[in-house]
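In the two assemblies presented below, subunit A is common to both, partnered first by subunit B and then by subunit C.
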Partner chain A sequence: MIARARVLGWLILGGCVLTAGCRTTRPWQRENLARPVMAPDAEPDREALHHHYLGTREGAAGGFGGGGGGCGCN
Partner chain B sequence: MRARVVTAAALALATLAARAPSARGEANPVLRFAVDTLVYADSDRVLVVSPQAAVHGRLDRDGGEASARVVLDVISAASVDVVSHATPRFRESRTEVDLAVSKRFGPWLPSAHYRNSSEPDYASSAFGAAIERRLHPDATLSASYDLSLDEVGRSGTSLATWSRALTTHTAEVSLTQVVGPRTLLRGVYTLTAQTGYQEKPYRYVPLFTPDVMASSAAAGVTLDLANFDDYRQAERPPEEVPDLRIRHAFGLRLLRYLGAIHGSLRADYRFYVDSWSLIANSLESELAIPIGQTSRLSLRGRVHQQTGAFFWHRAYVTAPGEIPRWRTMDRDLSPYVTLSSGARYELGLGDFGLYADLEGTYTRYLDYMFLDSRVALIGQLGVRYPR
Partner chain C sequence: MSRPLFALAALAALVSLLAGAPSAHALAAGKPAIDFTLPTLDGKQVHLADLRGKVVLIDFWASWCTPCKQELPLLEKLHAKLARRGLVVLVININKDKADAARFAAAAKLTMTVPLDPKAQVVARYEPPKMPSSYVVDRKGIVRKVNAGFYGASDLARLEADLTALLEQK
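What follows is the complex of A and B.
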């Protein structure tokens, strides 16, 4: 399973590298992307508290961005 | 130690407040304050109240800032973890302080942070650094590393008398890519390596002999919280899990603008696997609907499913005197499914921003002796100034 996870990781990394070169929009097409509802990261303080609760109640962790390290609690 | 850290955080907050001009009336305010409170209550008799205060001081106009955040957890619990050891309800509090700074240098946004957390039987310090690079207007790449140094103790015993160390390394890389005039895509990979003491010092594992299991099954008895003490062996060894855990998480986020409602749809998927053979899938979706110019309603749903760790057993069956090498009663290492649904309402009132969030979750434990299911309610309130 770990080996399959590594393969999946390389596929995602490869996909990221390939798509990172893609420029898909022009400045006049970015109006909708600039709206508050399209912010890729939610409000950080609110999310920090929410993920703190999630991190102590699930066996999985990480994968949603914003760093890691857990809550430092038991 | 806790008092020193809280004092340092308070000084940082005060320094930010004293050095920066007032936020009121500025188009791009220098300071932003946030106060939040989370309340968690579940059917397993756990209640957690977590108030949090934060201040952000802007260092530039493109993502650079210094921030300080303090959160307090007040916990009251009489869960099956506690009751199964014939110990009474406990109450304790935990304090966490986070300090962070970031500064824009052209396309680069480096940042660093420090976190300290302490409670009567646990102390944790974490340091981290991250770098974000804008590749071009449509793509942002970021990478981060965190080191957490934890000291696990026992309540009522000083850390000098008994403590164990846990070290956590976390590395993460993510790419956010615009894939069209209405669509964003983000990929995240997180690698976590934990070494050291990962048990809970209060958790002891009941053992059962094959004969007792056979006779109880023949009598139609299902072992549970009410009767397991009548069937277990006299010896109940402490929990023991491997000292090394390597964890991989792969996340994808899709964010799509919905022109018909001027809102957005977010979909997150995470695949998780670790060296303890725990595999998890998490799917979350949120629909954001603006209401007028100053308010927004968000509706979301979440499904989390996981398998158990390779050493997980509902009941550990051994010959008398034999103790399995690995053993745990940590339900977070057992197979289960959680369904969550919630809504958040955000409102702007002058310079203030307010929100209220309510979420309900249902967890079905598929192979856990002490509990079949759990229902939880999580409420969260917050105020922002300026919004």
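What follows is the complex of A and C.
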């Protein structure tokens, strides 16, 4: 029991030390994120075809998440 | 979990939480505008302290920022309207490549002063909350208002009212 708690403690500690290096990207640092290639649907026609194909094959639609990337300006 | 290990884990958790928190050093209304000297797109230098005694609008923009590109033509109109009353508009570009700023400025026919901050030395000191953000600076060099983001022409109407009120103060 104590050994398990100790392992858990080290895991938490390790995780926190690793995430301490994470930083929020500030509004003025998003030049690379705003590049068109960073958009999840950089090729909208190809994405639409892919979704159509999946919808036809699976008989289902959606489930591809929300937006992301971009300049996130406002 | 042993007590020292728990304390260490708690401290690390606190550090990781604080690391992602927004800075408390962002320039806010009521504080003196942070002085800077920057080269401009037309090869001159602009020094904010030299503009003391004038109402100054400082705006941060980039060519990769869509709302910035929507705002700038409206700022240009505002500049054309209020420049003769003494308003100085500095639209600071933060693109890494000067050519990107030059391309947009030429396409939008900007006549406002475009200081260049490619290494983000000035913008990192102002810490604008959004892109674009503008700072209304009064004749004494005090920031009177921070406008975060651009959401439409009504933002510019409010900005014009603020600037006109300041220009009327002597």
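Assume the second predicted complex is superposed on the first by the 37 of 74 C-alpha atoms of A that agree within 3 Å, B and C clash if a C-alpha of one lies under 4 Å from a C-alpha of the other, contacts with A are read in each partner's own complex, and residues count from 1 in each chain.
The working rule: contacts are C-beta pairs under 8 Å (C-beta built on N, C-alpha and C of every residue); 3 or more make two chains touch, one makes a residue touch a chain.
Predicted model only: the values in this text are computed from it and were never measured.
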With the two complexes superposed on chain A, say which partner A:H52 touches: subunit B (first), subunit C (second), both, or neither. first
Looking at the overlay, what does A:R30 touch: subunit B (first), subunit C (second), both, or neither? both
Subunit B versus subunit C, judged by how many residues of subunit A each one touches: B
Both subunit B and subunit C touch subunit A at residues 5-6, 8-9, 12-13, 16, 19-24, 27, 29-30, 35, 71, 73-74
Interface residues, subunit C side, partner subunit A - complex: 1-2, 5-6, 8-9, 12-13, 15-16, 19-22, 60, 62, 64-68, 94-96, 120, 123-124, 127-133, 149-151
Okay, in this complex, where on subunit A does subunit C touch? 5-6, 8-10, 12-13, 16-17, 19-24, 26-31, 34-35, 71, 73-74
Name, in rising order, each residue of subunit A that touches subunit B in their complex. 1-2, 4-6, 8-9, 12-13, 15-16, 19-25, 27, 29-30, 32-33, 35-38, 40, 43, 45-46, 48-50, 52-53, 57-65, 67-74
Which residues of subunit B touch subunit A in the complex? 34, 36, 38, 40, 48, 50, 52, 54, 69, 71, 73, 94, 96, 98, 113, 115-117, 119, 121-122, 124-126, 128, 130, 135-139, 141-142, 144, 146-148, 150, 152, 168, 170, 172-182, 184-192, 200, 246-251, 253, 255, 257, 259, 262-264, 268, 270-273, 275, 277-280, 282, 288, 290, 296, 304, 306, 309, 332-333, 338, 355, 357, 378, 380, 382, 384
